[in-house]
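Each chain gets a letter, A, B and C, in the order it is written, and its residues are counted from 1.
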Amino acid sequence: MENNYISMKNINKSFGKVVANKNINLDVRKGEIHALLGENGAGKSTLMNMLSGVYTPDSGSIFIKGREIQFAAPKDAIKAGIGMIYQHFKLIDVLTAKENIILGQKNSFFLNEKVLSQKIKDMSVRFGLDIDPDKKVYNMSVGEKQTLEILKVLYRGAEILILDEPTAVLTPQETEKLFKIMRKMKEEGCSVVFITHKMNEVMEVADRITVLRKGETVMTVDKVSTNPKHLTELMMGCPADLSIKRIETEKSKVTLEVRDLSAVNIEGVKVLKEMSFDLYAGEILGVAGVAGSGQRELCEAIAGLYPVKQGQVVFDGEDLVGKSPSEIITKGISLSFIPEDRLGMGLVASMDIVNNVVLKLYQRQKGIFINRKPAEKKSQEIIDRLSIQTPGIKHPVRMLSGGNIQKVLLGRELDSKPQVLITAYPVRGLDVNSCYTIYDLLNEEKQKGVAVLYIGEDLDVLLELCDRIMVLCAGEITGIVDARNVTKEEIGLMMTGAVNLTREGEKSDYADANNSTCN
Amino acid sequence: MLMPITVRAIKKSEPGRMQAALIRIGAIILALVASSLFILLLDLNPGDVYVKMVQGAFGTPYRIRETIVKAIPLVITSLGIGIAFRMQFWNIGGEGQIAIGAFAATYFALFMNDMPMPLMLLVMIIAGMLAGGIWALIPAFFKAQWGTNETIVTLMMNYIGLKWIMFLQYGPWRDPKSLGFPKIANFPDNAVLPEVFGVHIGWIIALVLVVAVHIFINHTKKGYEIAVIGESVNTARYAGINIKKTILIAIMLSGGLCGLVGMIQASAVNNTLSVEITGGVGYTAIITSWLAALSAPVILIVSVLFAALLEGGSYIQTVFGIPQAAAELLQGIILFFVLGSEFFVRYKFVLVKKHHIAEKNQVSVGKEVQ
Amino acid sequence: MEALISFLHAAIVAGTPLLFATLGEIITERSGNLNLGVEGMMLMGAVMGFMVGLSTGSASLALLTAMVAGAGGALIFAFITITLRANQTVAGLTLTIFGSGFADFVGQDLVGQIAPEGLRMFFRPYTIPLLGDIPLIGPVLFRQDVFVYLGYVSAILLGIYLFKTSWGMNLRAVGENPGAADAAGVNVTLYKYVHTLVGGALCGLGGAYLSLVYVPALQEGVTAGRGWIAVALVIFATWNPYKALFGAFLFGGLDIIGFRIQNLGINISQYFIDMLPYLVTITVLVVVSMRKSREKAGPKACGIPYFREER
């Protein structure tokens, strides 16, 4: 077929015992935006990584413009006109925008800085993408980094653009801008493959949609002949209701009071600026914000892991600031923190479930010896309660799937019957069913009267699950709003610090929002 | 037309214990084969040389005793270094810690020896362990406080420690009765470790320590904390482990065990202090403890085998005139092979046949048209 | 003044082996490989360079052999860590143990021999016209042997390569984030291999300087920990070849300051003076680690094996 830019046939790929792609077929036409839809773990990224030369298929063929090709490395894919923008940006922090763009390309042996800067400026004007060629990547915002990634791909003359979950880290406004760019690319005759699991985005930009489920192709449909409900069914394999229940609870006492909390990082930059808010028993307080707005620091500061410069975190009449994490644990203060980086922070990857469960138990044991018996019993309980798929309690956590790893972590923390539960991105990388299990667990805790602080990235989820949403921008609270009567766009504006929509009524209720906008 | 074939590495699904052990043993055999090439270069029959090495290590009761004497410092130092390695603290300062431990023990043996033997030995042991521990504590403090690279600092301190011993040996502690020979006086009898079954009591100490370290690592809170820090400092922080304190304790222990080796060697083997006291054990122990995957019982086995290699190495030196350095070379080769073999525990190579592109292309295009 | 010039001149001579080794390790670490086998590669270069120099009398052959020997050691390291993805720290330590065993083994009959007359003539100081006449700087920097000049040139060329060329930029990217460099089309494995090997060759040259020019004779363990000081100097120089030039000569000065102090009639034990370079190295490392900054940190992916399909 002449107008098929990409044609992938019977692609298979497995990692160890895990089959990521099974007999997948995909055709992408010239000049279309093709959405690749599927839940986490459906094999979307794996498939695209084979198209960009990062992975090699175990079997199957790939045709670009009708010619069969085999990529030994990403550079072969670049030569074939394929440009991929990865979910986790592939940029070199210490290099400038310009250097990142020309990296790995045929350049003159000696770099001519001025000529290159001019060339890139010209290009950015042509595509309407604003960038400073001499800015270092570590000084860039997420939006800037994405613009840079797109320019990088265009510089390489890509005709096929693959975007892997590009909107996950963007504000709604930035997402709109990205869609505009994608449409422009399409007009210029490029093909755009857009990986996502968000139905509304698919309906907004895609021409055709290929749905993947559990590593297999379900079908390819035209947008005009489908609707979100149909797509959801294809994606899930069964009729599913993808709305999240918000359980209404009576507003009761304040469990955690945060007052004027400020912190600075190693380089002396203020990462938390006089934050004040209350966390009530039996509510889920969502935290929204562009990545790196102080979410991580806030969680860690409350848990005693990040040095606090000033302010208070009052729990049960006691100020937690200045207490060490072990004091917080051993005093029986039931504060549970589920960090964003599961294997990097919450769990010990190479150890088994028992040894990970014992992590939060052993400090309360007496004597110098460690007793793993109680942890063994608890591990089994957690496995049963959360139906964790594992060969046994002595199985290394690293070998479990993402959803099961998250369940181990969540199970361990819930087991301590906390009064405050802090969770950062608890559903990142999980399939839909696991996500809903987690949401249900959080709702269950909320019903029990636990105060839940939920750091999220998917605004739709935040709006549906949480009672209130607190928006952060550059370490500052730019608004605390009722999730029932706020729109995504409004939150997006607060995320960039453009407005503070903390409403009068709420303000007197919670009396804690910071009025100033962020700079 | 040629069928191009490429080789690719693929991650294995979980490898079995048996398989992993077989791969490692295979690597050691391959290392011996590779070393045979060296031996052939020397115009010798590798088979003969290996047989003589085994004889040299285990051929007579005397040689067995000698092998055990060589194994004792290796076992204890490997245990010590293993504790640090478990925490991903690269203590390659074993040499210096042994030397300083020996120095402290020697001080009491020479200048405060007016004690009954058990007390004398106890004081020497404590002094040796404390001194070795404190010597190791210096880089550990820098590491805990500022994250200073411990690999280089521990190594630099080896040189400083050995220079200090040289200073003593050639200067203030030189024995005036040695007729100008730069030598420190021999220990009095009450400062020499007794023998049990023909070998000094260090072998009992080593066995006890193997059990003790095994229990420490697997069944105590501190041992668990050390393992958690080694895996992920962030998780340790998250769990409320006092990282600085744990680093200091673990390294104090690590250096203390090395210091104990210094005391044992000075007291039981050399009966005095000299720069040769360490005999490179601090470096060899890096290899043994890594080969043993930091597990205390395995360290015991590997150390004995390595002691046999050293003992056999010095025997073939006398029989064939092969330089002592050959044994050192062999150690390096074995470790290279075992290090490389870890890859085959985790991955396997597969051959990928590249199908004939042009032909296939036509076929599939044809299909499309239909 | 005379004494100062003679001291500085000698400091540069003593710093030259450190310079080569430091440059070698800089380029290696820039590719993301932390090769702690510098000491071993230097020893291999020292003994092989000496052996060939002794038997052929040819300076260029001796240097070439030293480079090949150093690169050979680096090749073992590269294969084990890049292709077989073994732990770099342990592989480097093993290379040091292997290298010193190799040097003792190969050099057993050569120990104590003096470098041949022809070679010593070749490496005698040579005054560069004009530059050699600049007051103070001339006699210190430009009345040296060719090997020292080779050191200057290597450092400058390496600096230009690293910061001004596209290959150098690709190399920096590989050391910082191999995944991103790979995705951008850089051949990560090739870059790692080539630069680790070149680094090894430079370390081999550093060793050869010791046995052929500095001592000039073969001794057992002729490097005496200089390989490790070089590893520390890399941190001191913040992975920058130009700063390595300064750092290496500073440490060269420390290496010889003892003799000068004794010559001044100050009575300090030789053994304490011998400790000085090691003590200063520790001090430098501690001071460097106390001040942290992003630009001065090393290549971020240094020490971590890279596997494209890892997940």
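Quick note on the criterion: a contact is a pair of C-beta atoms (placed from the backbone, for glycine too) under 8 Å apart; a residue touches a chain by one contact, two chains touch by 3 or more.
Note that the structure is predicted; figures quoted are calculated from it, not measured.
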Touch-based graph of the chains, sorted into line, ring, star, complete or other: complete
Relative to chain C, chain with the most remote C-alpha centre: A
Between chain A and chain B, centroid-to-centroid distance (C-alpha), Å: 44
Chain B and chain C: spacing of chain centres that average the CA atoms, whole Å: 27
Overlap residues in chain A, where contacts from two or more other chains coincide: 15, 56
Two or more partner chains touched - positions in chain B: 11
Per-residue overlap in chain C, given as positions that touch at least 2 other chains: 309
Contact footprint of chain A on chain B as seen in their complex: 6, 8, 11-14, 219-224, 227-228, 231-232, 234-235, 237-242, 352, 354, 357, 360-361, 364-365, 368
Residues of chain B defined as touching chain C within the complex: 9, 11, 90, 92, 142, 146-149, 151-153, 155-157, 159-160, 163-164, 166-167, 170-171, 283-284, 286-287, 290, 323-333, 335-336, 339-340, 342-343
Chain B contact footprint on chain C (complex, rising order): 36, 76, 79-80, 83-87, 89-91, 93-95, 97-105, 108, 224-225, 228-229, 231-232, 235, 269, 271-272, 274-275, 278-279, 281-282, 285-286, 289-290, 307, 309
Residues on chain C engaged by chain A in the complex (per definition of touch): 164-167, 169-170, 172-173, 176-177, 179-187, 292-295, 300, 308-309, 311
Complex interface listing, chain A residues touching chain C: 15, 52, 54-56, 73-75, 78, 84, 86, 89-95, 99-100, 102-105, 107-111, 138, 152, 156, 266-267
